[in-house]
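Okay, so chain A shows up in both of these, paired with chain B first and chain C after.
After this line comes the complex of A and B, so read on.
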């Protein structure tokens, strides 16, 4: 999926997985799709949590840029953000919300 | 959805195993009923000798002669055509094939099984012995059923302290679960690889798993022990104990659950796994145990 299409799509957490927020870090249990447990890092946990709240991806991206402005190059943040989203999509951890 | 995890080395054998399920006859004449940690099981087998062997293995107070609803297992030994080659698969594959809405075929190195969700019955083929086929089948079959009962089969070794309480040692393959049992001297080991934990009356208990690992029946599988410590093993040049973060403890416990490849396990049941892990960790924290591969570790733990 192209990045512009991604930003216009509403995603939700796949209902087949279970997850816990443990002190701000997300642990995912996924016995039926990837048959594994995933521990997300701090930024990954932030993105995942916002998607679970159905925050638009554009807002999540802007929040990340604001947070890491001065520390990281904006282009680098965007590239990592879209790569991470694609990883979540490929692993079916997030899915497009059906209207 | 089908799934195959790991390369299949022997595709011909793989096909033969699947055809065994439809070619073999599963007799419903002779059975033995028992409760495995409160899971009612009616085990049918074409082999009378095997039924006797199972009866000897299962503790007497687990026998269940009541009428009721059972999880039904229909066992058949491999046919003569495949008997000698049945386990001749060098990879540790797990293959699952969904036949229809209610039926799933599972193939592992030493068993093949067809599970029917509607009748709650499973046809299983493995050698009529108390070895890997029996262990792997029962571990695959029972592990998901234990979770709603606040019990779990764990990849761990368990060694009793002098006061009779249990030290549980977790870790991936090669971490030292078997090594630490071999260094334990006269201390009693439950199993070096597979044990069952249960929350009973608000406390954590551990039993010998009885379905895998090097289980020397020093302790019957219906004997439970209070838990003293849960350690995550890490080989080192020194002995020491380190605290672990809450998420690391959760992750390590999840990683230690046996047979997590539970296709069709619903999200609500996954929540039960998280709930169980929460309860276990509220009762006992997991700490990292750095240990030297010599008997000094036991002097350290005893002190």
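After this line comes the complex of A and C, so read on.
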């Protein structure tokens, strides 16, 4: 999916997975799709949590840019953000919300 | 270290009960001789207190969510006999728990399996007590073998992850190969459970049904020895009890694990979160050191012993003591390794 299309799509967490926050890191149990457990780092956990709250991706991206402004290059943040989203989509951890 | 093992260690450090078990009933459609709830062979019904009602169960689920539980095991008795099971699962799913149902499978048919999956159950743990109806009638007091096999098939077809627990006892341990063959043909996961403990009502089940040292040695020398060749080189005595594991009984008692029925409070007296955070019994268990397991820490069999504190408690009343059943099996391993 193109990045501009991504930002216009509302995503939700796949109902087939379960997850919990353990001291700031998300642990995902995924027995139905990939038959594995996944751990997300702090930034990944932040993005995942915001998606679970159905926060628009554009807002999440802007929040990340604001948080890491001065520490990381904006282009680098955007590239990593979209790559991360695509990983979650490929693994079917997030899916487009059906209207 | 696997992702799960690493995160379990992190959860252990902050006593987050990732793996919680809720017993929703003690009613059952079978009368298994080994049942740990109570002696079901008696015609008298020993259940004198009311089980948790739906409101109380919903309160427990909300508390488990607040405590950070990830996996929720729903057990019994037989949970499929519970009239509000669908409502319980729907409520649990609203908290995104990974829901497992522990069942004998006999009441499970295709439409029920599909409904369980659509409501949010992701795994079923189905007990297998033998490889024939004869064993079922003898052990469970009812036919059930074919229905259990059918349940495994329909659960798998409904996309539920199926784990079969082979319950080994004196009457069926020579049928282990037949049971494994059946399960492998069905293409599902399985595990072998080799210990029959005493019952939680203090009546004895293990003497009559449990495997003896010679039975165990026979298994250790047989083709499936790898299920029994336990090693404990690190001399580990600790488990996840009261740290990443939590159990709630059908009458509201809170345990460090459903397999370790040390009553640490009751949700009818105090909320689950209060008990988890303040129970002196749970605190004591969290603070145990290897040296506190006095008999086991110096036992020459510890490196081949599969001891669990829950079984030790059920069988002897001592959480940190020696489990005589595990010791019997350890002796068999020691004898085999000589």
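Just so it is clear, the second predicted complex is superposed on the first by the 99 of 99 C-alpha atoms of A that agree within 3 Å, B and C clash if a C-alpha of one lies under 4 Å from a C-alpha of the other, contacts with A are read in each partner's own complex, and residues count from 1 in each chain.
Definition applied: a residue touches a chain if its C-beta (ideal position, glycine included) is under 8 Å from a C-beta of that chain, and two chains touch if they have at least 3 such contacts.
These numbers come from a predicted model, not from an experiment.
Asks: Overlaying on chain A: chain B and chain C, fit or clash?
Replies: Chain B/chain C on chain A - steric clash.
Asks: Looking at the overlay, does A:89 come into contact with chain B only (first), chain C only (second), both, or neither?
Replies: A:89: touches no partner chain.
Asks: Look at A:23 in the shared chain and tell me whether it touches chain B only, chain C only, both, or neither; answer first, second, both or neither.
Replies: After superposition on chain A, A:23 lies in contact with both partners, chain B and chain C.
Asks: Taking the superposition as given, does A:43 touch the first partner, chain B, the second, chain C, both, or neither?
Replies: A:43 contacts neither chain B nor chain C.
Asks: Just to be sure I read the superposition right, which of the two partners does A:65 touch: chain B = first, chain C = second, or both, or neither?
Replies: Neither chain B nor chain C is touched by A:65.
Asks: I need the one stretch of chain B that runs into chain C once the two models are overlaid. Options are 7-15, 25-33 or 79-87.
Replies: That would be 25-33, the only stretch with clashing C-alpha atoms.
Asks: Residue overlap on chain A between the chain B contact set and the chain C contact set?
Replies: Residues 15-16, 18, 20, 22-23, 25, 27, 29, 31-32, 35-37, 39, which sit in both footprints.
Asks: Which residues, counting only chain B, touch chain A once they are in their complex?
Replies: Touch list, chain B to chain A: 3, 5, 245-247, 250-251, 254-255, 260-267, 270-271, 273-274.
Asks: Show me the residue ranges of chain A that touch chain B in the complex, using the header's touch definition.
Replies: By the definition above, chain A touches chain B via 15-18, 20, 22-23, 25, 27, 29-32, 35-37, 39.
Asks: Which residues, counting only chain C, touch chain A once they are in their complex?
Replies: 2-4, 6-7, 10-11, 14, 16, 18, 68-71, 96-99, 120, 122-123, 159, 161
Asks: Would you tell me which residues of chain A are touching chain C in their complex?
Replies: These residues of chain A touch chain C: 13, 15-16, 18-23, 25, 27, 29, 31-32, 35-39.
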